[in-house]
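Both of the next two complexes hold chain A, though its partner changes from chain B to chain C.
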Partner chain A sequence: MFARVALLVLKKDIAIELRSYEIISTTTFFAAACVTIFSFAFTRDDETMAMSAAGIVWIAIAFSGTLALSRTFERERYGETLKALLLAPASRPAIYVGKLLGILCLIFATEILVVPMVALMFQSPLFNRPGMLLGLLVTGTIGYAAVGTLFAAMLVRARTRDVMLPILLYPITIPVIIAGVEGTTALMLSPPDEAMASLWLALLAFFDVVFVTLSLWMFEPLMTE
Partner chain B sequence: MSDPDAFDRVDLTDLSRNFGRRRAVSRVSLALRRGDILGLLGPNGAGKSTLLSMLATLVTPTSGTIAYGRWNTKEHGVEIRRRLGVLGHELHLYPELSARENLQFFADLYDLRDAGVVERALDQAGLTERADDQVSSFSRGMRQRLALERSLMHQPTLVLLDEPFTGLDDRAVGIVTQRFRGLAAAGAILVVATHDLDVADGLITRMAVMQAGKLLLATDSGTNVRQQYRALVGAA
Partner chain C sequence: MRKIFLPLLVITAALFAYSPYYINQAPYESTMLLVQKIFYYHFATWMAGATAVIVCGVASGYYLFKGSVVADRVAVATAELGVIFGAFGLISGTLWGRKAWGTWWAGDARVSMALVAELIFIGYLLVRKYGGPGSEKLSAAMGVFGAATAPFIYKSVDWWRTIHPKTSVMSSLNDTPGGVIMWNIVLFCTLAFMLLLTVVLAARMRLEELRADLDRLYLEAED
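Right, the complex of A and B next:
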């Protein structure tokens, strides 16, 4: 029942996005613009350029992720459809998971563009260990989106939601972003520091467990006024 | 309303809700029974929508209780919501999806396994011809009819309607009021918050008038609505 509801919400979100491509086009464009601006902003000192790539990847993910979060919940605000979801005889945490999965799909789609783009524009060895990079991206994105989905849902009725979302989200997800940046940097060393990257990966997995558990626990009370 | 497990009454006892220092609903007590069509009347800001939100389990009372038969929201939230139908100010529809897709999504969410439920709802809404059109292309009245059928397709026991006649033409109002009478006759409890006193007169079987969060009147009469309302609240 839980998985069925979560998948229903995910399927609905994908169907709506496929009608307009509104969120995916804006987030990828925004992320690409971020990366391009950064590539011009940094001086062309080879090592600095290459090593800053890790930070650029995660900044682009965080910024475009915020955009995806606010646009996704803006849709649910229009027509108060989030209220309709909360009125359904379904587990409210399952609705949270459905929304989270939708956000993850959007951010992963953005990453498919951003990561190769950063590797190319910054001439950085991001793909030294593609498997571990994938692990860092997946765990980091889950941690970021787990908190983001909770806050975006909570702020859906707030007039200042667009301002409040980054103010609330960034301080709490700083550990996730730092772990992502450090893990990615470790993979770009020559030779790659796999032990260090594994440590950051484990830390990200730990954050995921904590953030997802807390969000599942807090979603229902936060969504009831 | 043949659901044997459903509640047959809803009791509100000393129900209050504060938003910060503002008291939106103040010590309201009411008893609703199957077959009732309660007209919830009052000027803007009277607390009608807050009361409906509390009945819909979306807002927690600051004090007081709501009992749905022997159920309460804390322990039986899912069971209660399965038997709730809500039509609010906003229509709870996805404009990017078609009428059929909207109904199918909510039918799946409510785990309605009857294959014909979506087609019947489309038929009731008079939208069979436009079933595959995006809701964004519909007029307000068409959306309102679709939203109403969306909120009723799981045959709820408690139906909460906030301004259900908005955007409907005369003919549609007639059809919808007939539909409400049919639901009440089948044993549903209807709560209709409206400013349309002419439509309410003759539809509702009971009346509750609120002002500034307080319940001014709760009567078993559903006639002479305008006169009673005017006597309590002023010109309407």
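Right, the complex of A and C next:
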């Protein structure tokens, strides 16, 4: 039942997105613009700083992720569909998981563009260990999106939501971003420091467990009037 | 609480008045000499700050699930205190770092994580002030997540390559000459800061209570 509700919410979000491609096109464009600006900022004497690539990947993901989060819930608010969703006889945590999966799809889609783009523009060895990079990206994105979905959902009713989302989200997710950046940097060394990267990967998995548990636990009391 | 408030205040003031004399009695640390004495207040503020943060997290969680107004008042008071003690701890820490590591800001793991916690609780206060109606619940969620980072700050020095002293530095004090008196002073200062935390918390909660009363009276007068 739980998985069915979550998948139904996910299916609904994907169906709406596929009608207009609104969020996916705007967030990927924004991420690409971010990377382009960084590529100008970090280029000195035609010699690009290859090691800054890790930071740029994660900053682009965090910024465009905020955009995806606020647009997803703005759409729910505009159509007053979030109220309908919450009135449905389904468990709240299942609804949360469904929304989280939707956000994850959007951010992963952005990453598919951003990571190769950064590797190309900064000529950095991001793909030294593709498996571990994938692991870092997946765990990092889950940690970021878990907190983001919770806060974006509860900010739907707040008047100042556009300002409040970054204020709430960034401080809490800094540890996730730090772990992601450090892990990715370790992978770009020659030779890649796999022990270091797997330490950060383990820490990210730990953050995921903590953040997802706390979010599932708090979604219900936070979403009741 | 109101009955014992004044005696507690007097005791706290007495402890703080005596603490400089007590710290003065400690032997000079072999490499850092006088500057090492920052440590007594630095450690004590972080203990008080960490207590405030954890109490804030627990009270926020309690408020979310039980809707208790008192828990909400505790949470907002401890969040403010956590920010104040945290700011003091960060400042005394940078002073220490200037002397011990030769730089104001070494970008070390525990220092960075402490700054993150400080930012989370400043965020808590910002949401509280500017969030509009319903901001109590938003900030409560912030408080729970903020308290969840506290164990990471504590353990970060043991996990990561870093220059901040490890958590084992405290237990090693007993084996060094003059270590026992240092250890006693650390405990003394920690007690003083804990009492300060309690006293200010009580006063801050009373203020919040009076504010709620005032709001209620305004509403009654309007009807």
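By definition in this document, the second predicted complex is superposed on the first by the 220 of 225 C-alpha atoms of A that agree within 3 Å, B and C clash if a C-alpha of one lies under 4 Å from a C-alpha of the other, contacts with A are read in each partner's own complex, and residues count from 1 in each chain.
Everything that follows uses one rule, which is that a residue touches a chain if its C-beta (ideal position, glycine included) is under 8 Å from a C-beta of that chain, and two chains touch if they have at least 3 such contacts.
What you are looking at is a predicted structure, and each value in this text was computed from that prediction instead of being measured.
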Touched partner set for A:172, first chain B, second chain C, both or neither: second
Which of chain B and chain C A:154 touches, first, second, both or neither: second
First, second, both or neither for A:191, with chain B first and chain C second: neither
Which superposed partner A:81 touches (first chain B, second chain C, both, neither): first
Chain B versus chain C as contact partner of A:15, first or second or both or neither: first
Partner chain(s) touched by A:131 [first = chain B, second = chain C, both, neither]: neither
Residues on chain B engaged by chain A in the complex (per definition of touch): 53, 56-60, 78-79, 81-82, 84, 86, 88-97, 101, 105-106, 108-111, 134
Chain C-touching residues of chain A, taken from the complex the two chains share: 147, 150-151, 154-155, 157-160, 163-164, 167-168, 171-172, 174-175, 178, 199, 203, 210-211, 214, 218, 221-222
In the complex with chain A, residue positions of chain C that touch it: 64-65, 112-113, 116, 119-120, 122-123, 126-127, 130-135, 137-138, 141-142, 144-146, 148-149, 152, 159
For the chain A and chain B complex, residues of the former touching the latter: 1, 5, 8, 12, 15-16, 19-20, 75, 78-81, 83-91, 224-225
